[in-house]
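For reference, the structure is listed below as structure tokens.
Note that the chains are named A, B and C in the order they appear, and that numbering of residues resets to 1 at the start of each chain.
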Amino acid sequence: MIALFTDFGLAGPYTGQVKAVLADRAPGMPVVDLFADLPAGRPKPAAYLLAAYGPWFPPGTVVLAVVDPGVGSERRGVVVEADGRFYVGPDNGLFELLRRRAAARSWEIVWRPALLSASFHGRDLFAPVAARLAVGGPDAAILRETELSRVPDWPDDLPEIVYVDHYGNAMTGLRATVPPAAARLAVGGHALARARTFSDVPPGSAFWYENANGLAEIAVNAGRADAALGLAIGSPVAIIG
Amino acid sequence: MIALFTDFGLAGPYTGQVKAVLADRAPGMPVVDLFADLPAGRPKPAAYLLAAYGPWFPPGTVVLAVVDPGVGSERRGVVVEADGRFYVGPDNGLFELLRRRAAARSWEIVWRPALLSASFHGRDLFAPVAARLAVGGPDAAILRETELSRVPDWPDDLPEIVYVDHYGNAMTGLRATVPPAAARLAVGGHALARARTFSDVPPGSAFWYENANGLAEIAVNAGRADAALGLAIGSPVAIIG
Amino acid sequence: MIALFTDFGLAGPYTGQVKAVLADRAPGMPVVDLFADLPAGRPKPAAYLLAAYGPWFPPGTVVLAVVDPGVGSERRGVVVEADGRFYVGPDNGLFELLRRRAAARSWEIVWRPALLSASFHGRDLFAPVAARLAVGGPDAAILRETELSRVPDWPDDLPEIVYVDHYGNAMTGLRATVPPAAARLAVGGHALARARTFSDVPPGSAFWYENANGLAEIAVNAGRADAALGLAIGSPVAIIG
């Protein structure tokens, strides 16, 4: 399986052209859209999401992960193997948290396509490599083992909002095991208690809970947490008690 | 074929994870997105849409139907067979209109996955059941025949806007055969005459028509009915004459 | 491969029903969403996009191209073969630029389905024809060779914004080879110099560049060109120098 983890959007031409390359080069391989609406051009919040969502997929999955503000510059393209899944994308910190949390191998992509646009390596470089990995695994003809560029100043868990979903729920970069069970989370001027899920609190009430991929998430039962609490990507979160 | 009928959105992680489960457990089975933008957490308007759109699919289709504000509570998960199609989802009224309009059988899902999140039964419970139905039909090992919970106070046709599409057209919960052919529909303070389709009225004119799945729909030729008439989910509709 | 080029949106029922028809009639054929968010009901800007994006696909690809404000009227349905790709859709100018730029054959669709809705020929007429083309090529039983209706007053390159992507980048209807290499483009009251790609200019700077499909595109590094420059579909673009 190939999973797409990008800021490309679905309705415009970018995801579709990537899928056309994959259909051509990895025929019959299932392709799913994991995220297409990552915060545009911001690898840092995406890195915390990737470390939470990538390992949910079956071993052998290839995740095409592209949030790539430096496309066309000298930043490298890389492949990372972590816990049996493969990740393909730019070497800009996107794989930092995966790398910290798992034994990992990594390679620089040394192959270049005949036609490489300056602005769309997702289609021209990363998609062909993802297809090749999905069909045949790591291939020394196109990869050279290397160390990832590291971002040591990024924390192990990020006390910020990293994603707002289409219901208005706001995911944090904190694994839900980090705050003590009885802790409250302070966001947008409110201190929120933990609940198990939406139906455990009254309609209109805000709470935090462990989402279905292990992140601490801010939500309002039958409401939008982003609007109710004034939350956006980067809003700070503090653990109380 | 498996059709997805949800309020999950497409760009975030929910639909993608559901599709990953389906690709894993029903390999090669086509999966299409019927609706991913149903009114969030509102099974009532969704029930009228499902009864209009589900029967369009070929017999044997499995519709994964999840609008589930009570996820994690005691509400049951069910399977409904109606006119040769199968529907999987929460027992919260979503299947009420299908049930009224067709001979139907129904089952409670008694199977539980090893890992069941509190907030995402679409992925953890309903998708595996949909895959199993698509591959092998109803299976007594995971289902127990039961009656659906009923919602007798919901009308046979709902005189309200139940969906606004991305053009701004507003679908009602009325089958187009319900208003007399010469009737006007009153919405947003306007009384609209019937037309066959967009190109039959001048640009900028509002009208109602039978949409391609048999619902009465409010539209403006070359314009947005929602903005022009002030319509949203739940806006009342009255039949005049 | 079948590529979808429409203004149908992805989240609502239209694209999903088209894909259900394709899955039923061209089993196993890959289907990708090229554009689902073309300017609603406006074939002219779409025609310039189609001429830029269609030829990127492998020969043999069938492009289902539907921007169809005249659906249900007397406008014809057509098939165009241009440079080895097939295009299916309404005869309303959508194929004008493809036709000018390549040797092309064209056919009127004379087949009619048993059930043809007045408002959704994408599903009822064009999708079955696209499936048949993808499986077996042009078929004299459903097509009759004809000339396309022509739109001679549309220019060879359109000096307007034809699409705004989800990053806020604004594509023009100008092939990037049309402005001299050193020319500036005037849009929204600004005169912008050319750059190779985003990372070649400082964050916040506006520029124009050749996008990954050969169109001149207006962008802002790490910003939204549409908001920064006040651009929308139809905004005029002038070549300076």
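Observations
In the analysis below, a contact is a pair of C-beta atoms (placed from the backbone, for glycine too) under 8 Å apart; a residue touches a chain by one contact, two chains touch by 3 or more.
As the structure is a computational prediction, the values presented were derived from the model and not from experiment.
Two copies of one chain, subunit B and subunit C, touch each other, and the residues they use overlap weakly: the shared fraction of interface numbers falls below half. Here the C-alpha atoms of subunit A line up with those of subunit B after a rotation of 120°, rounded in steps of 5.
Chain geometry summary: the mean Cα position of subunit B and that of subunit C are 30 Å apart. For subunit B, the set of residues that touch two or more other chains comprises 9-10. Interface residues of subunit B facing subunit C in the complex, by the touch rule stated above, are 1, 3-4, 9-10, 30, 32-37, 53, 56-58, 163, 165-167, 196-200, 209-213, 222. Against subunit C, the residues of subunit A that register as touching in their complex are 7, 9-17, 19-20, 23-24, 27, 40-41, 69-73, 117-120, 123-124.
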